[in-house]
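In the two complexes that follow, chain A is the common piece, with chain B as its partner first and chain C second.
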Partner chain A sequence: MLALQLTITGLQTGALYALTAVGFSLIFGSTRIFHFAHGATFIIAAYLFYFVNVSGYGLILGIIAATAGAIIFGLLLNRFVYVPIQRDEGSFFTVFVASFGIGIVVQNVIGMVFGRGYVTVQTPLSFSVELMDGLYVSPLAWISMICAAIFFGILWCFLKYSQMGKALRALSDNPELVRVFGLNPRFISACAFTIGSILVVPAAIISGATSGLNPAMGHHVMLISLAATIVGGIGSVAGTLLAGLALGLAESLALLYVDSQWTEAVTFAILFLFIIVRPSGLLGRSSAH
Partner chain B sequence: MEAYLLNLVILISIYSILGVTLNFIMGYAGIYSLAHAVFFGVGAYAGTFMAMHVNASIFVTLPVAMAAGAILSLILALPALRVRGEYFVAASLGLQVLAVTIFSEWKSVTGGIGGLIGIPPLDVAGFEVFKPSQFIFVTVGALIIILFIINRLVHSSFGRSLRAIRDSESAAAAFGKNVPLIKTISVVISSALTAVAGVLYASYLSFINVESFKLDTSVLIMAMVIIGGTGTQAGPIVGAALLLLLPSLISYLDFLPQTEIGSIQQIIYGLGMALLMIYRPGGIVGRKKQSETGKE
Partner chain C sequence: MKKMKNLFAVFSVISCLGFLIPGSASAEDHTIGALFPLSGPNATYGDVFMSGSDLAVDHINADKMLSGPMSIAYEDSQGLPQPAVVGMTKLVNVTNVPYVLSAFTGVSKAISTLGTRNEVVAVNGGGVGPDLAALGEYFWNVIPLVNLEVRAVMPYLIKEKGIKRVVLIYIDDPFGNSILEELEATLKDSGGELVETMSVPTTAQQFSGIAAKVRAAKPDAVYIASYGAQQIQIVKQLRDNGVDQQLVTYSGYLVPDALALPETEGIITTGQGVNYKSDDPVTKRFVTDYKAKYDRDPTAYNVNYYNATLLYAILAQALEAEGKEVTGANLLAKRQEMGSFDLVGGTVSFQSNGTLLFPIQVKVVKNGKPEVIDTIDFGK
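Coming up: the complex of A and B.
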């Protein structure tokens, strides 16, 4: 029974991990921008929702505020930090350092405004219901999984059929060819940032009600996103999705054997194993070298 | 005032050692590590363990700490450096997170979250160094020796190979350089020298706990190197001095809340990193943008 309980919790965590990680993977895969501030997008969305909720404006306004905040942050960062850097040099690490710096700023500004401790979004949805003898599941678990399914369904259709989705996939294959073809790579990048930032929002909101929020959790979000991107295979959205789910499940099922403070060690072990055994990831196309 | 200045100079030289060793892999080999505080911590805990249970002589503590740092870095570097740079960033971030858990859980060696107290003073050939006025010579001396070692390495053929790898890995490989081997050696050297800073830090404070070796410290060291200037000799030292002076400078500004000094310091260097990358990627000491020095 415990195993079943942990599987469901694992799927819940995994669904949220997958959403966040796919956002990062999409941005990194198509634009080659190492968007380390993705964790900052996560905490901005989460705290905006928390703030609107605490102020008593309700769920819908909270979701709108979180989504708008995430998109605006992603687009501003792209326009005022990444585009200027890429214009004259654009080495992978210059972008990484700038992104990292912005992440530190966001973490501390949020810490100064909301305090550095944990805060939780109060909702009746987080109370667990006893489904079977000894099996407790909160409605949020189902909401996480359904949310992930809907978002990934839309994303899949978008990437497969829409003009912009095709352009995004083309950009990851060959940016020069996209330019020759008459499309504007800058506009496509902005789209990648918009979609990548939106994907963070459900995970940010639900985490606020389940595990609680803390300004420093951006680093944890990044570790998961990076691990899922690498384990899934850089450039593969489907691979990242699977890897995110698997990491959530592994963290949860590991509780059968180890104490809870070691869950991040499990993520690290899986990441390391993949780097050693299969650096191109589950569904990776390009070589890792 | 004198005690304050002595303390500041000692801390600046210890952090300069951290900056200089990180700069060695970041600036010359192009390897970006988020786990530098781990090797700092491993040095501190290993040195302390030897000093408390075996012998406090630096001829015992330093070699053991350096070996511990080197072995751990080898475990990280062997797999993670065979692949592209992003992988090392991810692997080192993972190691940093894991190490904090181990530092707080392995109570018999690290004292857990409470840390270790009563660390014996540094024993330099039978002479116990504990007064700040004496300790300052040890830390500044260590910094000069490490600077000298790294300077020699950078200007040797090994250093030229490193820079070749940083600028173009495939070109270096085509030239017959064993790229993974050279990168691994540079990480091992850097980590062993980082452990020296750990030993000095532990015996200077005579108290250590996990708080000093968290991700924030790794980030702080990286910020020091980047703001000072990656790939320059003086950059990391300028960066270390600047960022350690920052809290005391902020505390002079009365209108800022004193409880938020830590956050304000981090906001300033976070912004500094982002702005420098946009306008002056070489850092304070480094060259201006490449396009201005004749690329176009």
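Coming up: the complex of A and C.
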């Protein structure tokens, strides 16, 4: 029963990891921008939802505010930080440092506005129900998994069948060829940031209710996203989805075999294993130089 | 023109020397340092600690206890040893303070050697690891350490609540490990049993799996030994994931963020006993002014940092009256000479290991407020 409980818990955690990581992977895969401030997008969305919720405006307005905040932040960051740096031949490292700095600024601004303490979104959906002897599952666990399935289904259809989806995939393959075909890479980048930022919203809202929020949690979110992106294969959305789920499951099921302090280390042990054995990740493409 | 240039150069050199030579700033200004977590997951404590020390500074300056205005130079420790050492180095070598307020077990242990080496007094009012009693004569504690809290609560739970089987969830750092050792020893002596121990990394945020293991262990009570946001996350996630056994923790949990959480209801904690209704003028003034300034009741952390700051003023005042320089060495000698002090909570004196002894209260959280259910006085 403990194994089943940990499997369900792991799937819930994995779904949240996957939702966060796929947004980062999509942005990185399409634009080659190391968007470290993705964790800041998570924090902005979570705190906006929390603020609207505690102000009494309800769930729907909270979701709208969180989504709008995440998209606006992503687009502004792209337009006013990443594009100018890239225009001036900024290196990959410059973009990374700028993004890292923005993450710290957002953490401090959120701390100043909402306080630096711990807050949580109170909802009866976070309370577990005993389904059978020793098996407790909260409604939010099902909501996490359903959200992940719906979002990934829509994303998969979008990338496969829509014109913009094809353009996003083309941008990651060959930006010059995209220009030749008369498409605007900047507009496509903006679309990548929009979609990537939207994907983080459900994970941010659900985390606010299950584990609570503090302004400093963005770095942890980013570490998990990065690990899932590398394990899944850089640029592979499907690979990142599988990796996010696998990391969540591994972290939870590890409790069956190792002491609890090693569960987070399991995530990074898997990461190192992939870097050594299969550097291209689960579904990434190998390249020879 | 050349004379003017030379005059300007001489003036610049004198100004620079004045800036560089330690202690050449106005001798009447009193600046002490503080290493508090002002960012990161433990930042919730920073505001709590500062509210106590800032109120003490207000009172000290209003009473003109010292020859000049007193201020506190705050450095952000993040509750972590490495940034704390950076902050302590700055306070010791650049700001040149003789006295530093410290918090957190890991932080306090990391900075204590710098304090001892440079003869700078470090005073802890927030960390409760038992090791803090053995960090040398320049390290003082104005808070009872957690070994006393464990020794107070466990016999009470076993005797009064019939609790025998305990699970411990503890943070994987010096503080968490010290609680593990203390709990093992205390339960053995009191007739209880530690049925499972689960350590968690300092960065962990997901505890639903831990909750499943706790349920499987079927304990009577769960002792939680972490701090900051993580400690509150553990309580919330245990309750949300079907752990309905008695939760027990230590004084570090009694912060406004934790008390505001509905899942906190019924949790048993320990903490130092402070009689806020005491008639002594120091306590009365502190309680009245704290409520007026912050619009909430004070907690033990506010008391501790108020006391730590006031203690500096008392010692420095005595040194100034004797015409002695306010240095770390002189502050230490004066504390040993004076013996007892009128602080919030009454007249107190330090033990030989530099730690103040307070009674320990066992409390239960009801309607978001801790209510005292037992008091154990280890000094008697």
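Just so we're on the same page, the second predicted complex is superposed on the first by the 280 of 289 C-alpha atoms of A that agree within 3 Å, B and C clash if a C-alpha of one lies under 4 Å from a C-alpha of the other, contacts with A are read in each partner's own complex, and residues count from 1 in each chain.
Convention: a contact is a pair of C-beta atoms (placed from the backbone, for glycine too) under 8 Å apart; a residue touches a chain by one contact, two chains touch by 3 or more.
Values in this document were obtained by computation on a predicted structure and should not be read as measured data.
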| request: Return fit or clash for chain B versus chain C, each positioned on chain A through the superposition. | output: clash
| message | Looking at A:F127 after the superposition, I want to know if it touches chain B, chain C, both of them or none. Which is it: first, second, both, neither? | response | second
| query | Regarding the shared-chain residue A:I85, is it in contact with chain B (first), chain C (second), both, or neither? | reply | first
| Now for A:P279: first (chain B), second (chain C), both, or neither, which partner does it touch? | first
| message | So in the superposed three-chain picture, is A:L6 touching just chain B, just chain C, both, or none of them (first/second/both/neither)? | response | second
| query | If you stack the two complexes on chain A, which partner ends up touching A:G111: first (chain B), second (chain C), both, or neither? | reply | both
| Does chain B (first) or chain C (second) touch A:F181, or do both, or does neither? | neither
| task | Would you sort A:I230 into first (chain B), second (chain C), both or neither based on which partner it touches? | result | first
| field | First (chain B), second (chain C), both or neither touched by A:S138 | value | second
| Between chain B (first) and chain C (second), which does A:V119 come into contact with in this model arrangement: first, second, both, or neither? | second
| Which of 74-82, 110-118, 146-154 or 164-172 in chain B clashes with chain C after superposition? | 110-118
| said: Please report the chain A residues shared by its interface with chain B and its interface with chain C. | reply: 107-108, 111, 220, 261, 264-265
| query | Which of the residues in chain A come into contact with chain C in the complex? | reply | 1-2, 5-6, 9-10, 12-13, 107-108, 111, 115-120, 122, 126-128, 130, 134, 136, 138, 210-212, 214-217, 220, 251-252, 255, 259-261, 263-265
| query | Which residues of chain C touch chain A in their complex? | reply | 38-41, 43-44, 46-47, 172, 198-201, 203-213, 215-216, 228-229, 232-233, 236-237, 240-242, 255-258, 261-262
| note | Per the touch rule, the chain B residues reaching chain A in their complex are 30, 32, 79-80, 82-87, 89-91, 93-95, 97-98, 101, 104-105, 215, 219, 222-223, 226, 260, 263-264, 266-267, 269-275, 277-278, 281, 289-291
| field | chain A - residues contacting chain B, complex | value | 34, 81, 84-85, 88-89, 92-105, 107-109, 111-112, 219-220, 222-223, 226-227, 230, 234, 261-262, 264-265, 267-268, 271-272, 275-276, 279, 288-289
